[in-house]
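In the two complexes below, chain A is the common chain; its partner is chain B in one and chain C in the other.
The block that comes next holds the complex of A and B.
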């Protein structure tokens, strides 16, 4: 549980549960690069607004939207347009 | 169908038939945010209407306040299931703002300070159905609730009533907005419970 911070956002650690429903790896430790300003940092460092009507994670550098996640009754919608890349830490034995 | 659900849902009577399906009544005014709250100084505030041919119409804050206003009392319905009945606003009807705008567009994309967008058919902004509201219950609209001015289009789910409204683009094609590109319904009629894309 992350306490709400100033101006109504939490840190991106609070994405662990909602993203954990979609992905086998913990994406909050992935490094994402903002498409707006190029800032790179862990998903956990994003500023997270919501949860309703949806989760909106914004860059701490430029406040642009990096990730959006809407959970409907039978579907989730994930928008990563604001992220250039996600660098996801994996075990080295799986390298190719 | 209607007869069954009327007898079936005790809660529907709570609002005396004014509560759309799946909604509950609240006396609060919950604040939902998708980003930092813009603080827009009325000295530099402006509202623009841009037509499909690129023609722009602009109003300053003083010009907006000089237009004839209405004081609609309306029920509002949020897609997160709360409804609030009998809210009173002061604002300028879009019929007034669009009166001298020449356009054959079918769609509108509303945009806000802070970058929010939402789309709706242009006809849903006309005929007394929508306002640029700048007072709520006799007071200035606070920034948290979308002040200095927000769109008020109460017959659709409240995400269409864009806070911090800055302008409207009139378009020949439907252009989905912020929530409409992330799973929410393109139109959002609370009486047909159009919450998500396939509803």
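The block that comes next holds the complex of A and C.
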């Protein structure tokens, strides 16, 4: 049904909707550190492959899988084993 | 902030941009507003329950309950042929958003801006241009718009008479209009150096287009001395539209 891929991937900006369904903060602006090579950058800059059977986000530096998201009926599966950390910007007024 | 939910949107107007692209004006009750550069997910559900969704950039700034999307028809796609050929004023579609806080322009920003568009990648950049106008911003803007031929130009009338402080440079890759000085060809460093904000201005750069275009344009910007941290990119991948 879908057109042949013109390019292999899109980018993490397209995760904003699927992740927005799960989290109350926008994770695409979070800085994630790759477990493979240590590169840190916004989730928006990951290389995103998908949509079927799930979304796979790879590191733009080393191609390691950083994040996988599968949306099934009634639940979502999120695999973050390729991310060492996610640094999520919060307003300074929220500091504790 | 609550988690994202689907809303029902109704098509209120259509503007043809090119023979294969059109702008849809949708009314979304309860729309919370958005920033230029953000996008929405659109979901279609068939009678048998099969549903599929795609992301589309918002083409204009927030205007009450109305939002605009410009959709390019992708032959054989699952969503774009419906949006561009079948959907009529009064029809409804499911939509969720706004989403995406990375590829956005804040109207209060005073920094010079360099926008680099490849084809349909001009959509979120046009939202920034329109948001600049709406906000009365004086931030210097420059748009470098790469397109195959003049017939592919979105927002042609509006960009023919740019707002004060906005420069528009077109780069034709296949066919240029008669008398156009630059020969047709892919975007080069000279296009960006000659017409873009020089790196010394430290512009915020926004690059949007097909993946290959974005990679190349970002590479050229870095080679010209633009700070990688000031370059934000958005790629369409396997559009599958």
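Methods note: the second predicted complex is superposed on the first by the 89 of 96 C-alpha atoms of A that agree within 3 Å, B and C clash if a C-alpha of one lies under 4 Å from a C-alpha of the other, contacts with A are read in each partner's own complex, and residues count from 1 in each chain.
One rule holds for everything that comes next: a residue touches a chain if its C-beta (ideal position, glycine included) is under 8 Å from a C-beta of that chain, and two chains touch if they have at least 3 such contacts.
What you are looking at is a predicted structure, and each value in this text was computed from that prediction instead of being measured.
Applying the stated contact rule after C-alpha superposition, one finds that A:90 touches neither chain B nor chain C. In the superposition on chain A, A:11 makes contact with chain C only, not with chain B. The partner that reaches more residues of chain A, of the two candidates chain B and chain C, is C.
After overlaying the two complexes on the shared chain, residue contacts for A:48 are found with chain C alone; chain B is out of touch. With both structures placed on the common chain, the touch criterion links A:28 to chain C but leaves chain B unconnected. When the two structures are aligned on the shared chain, A:73 is found in touch with chain B, with no touch to chain C. Residues 7-9, 49 of chain A are contacted both by chain B in one complex and by chain C in the other.
Partner chain B is touched in their complex by these residues of chain A: 7-9, 49-50, 52-54, 56, 58, 63, 65, 68, 70, 72-73, 75-77, 79. Interface residues of chain A facing chain C in the complex, by the touch rule stated above, are 1-14, 16-17, 20-26, 28-29, 42-45, 48-49.
Looking at the complex, you find that chain B touches chain A at residues 31-37, 79-80, 115, 159, 179, 181-184, 195-197. Chain C meets chain A in the complex at residues 1-4, 39-41, 53, 55, 74-78, 96-97, 99-103, 210-212, 232-241.
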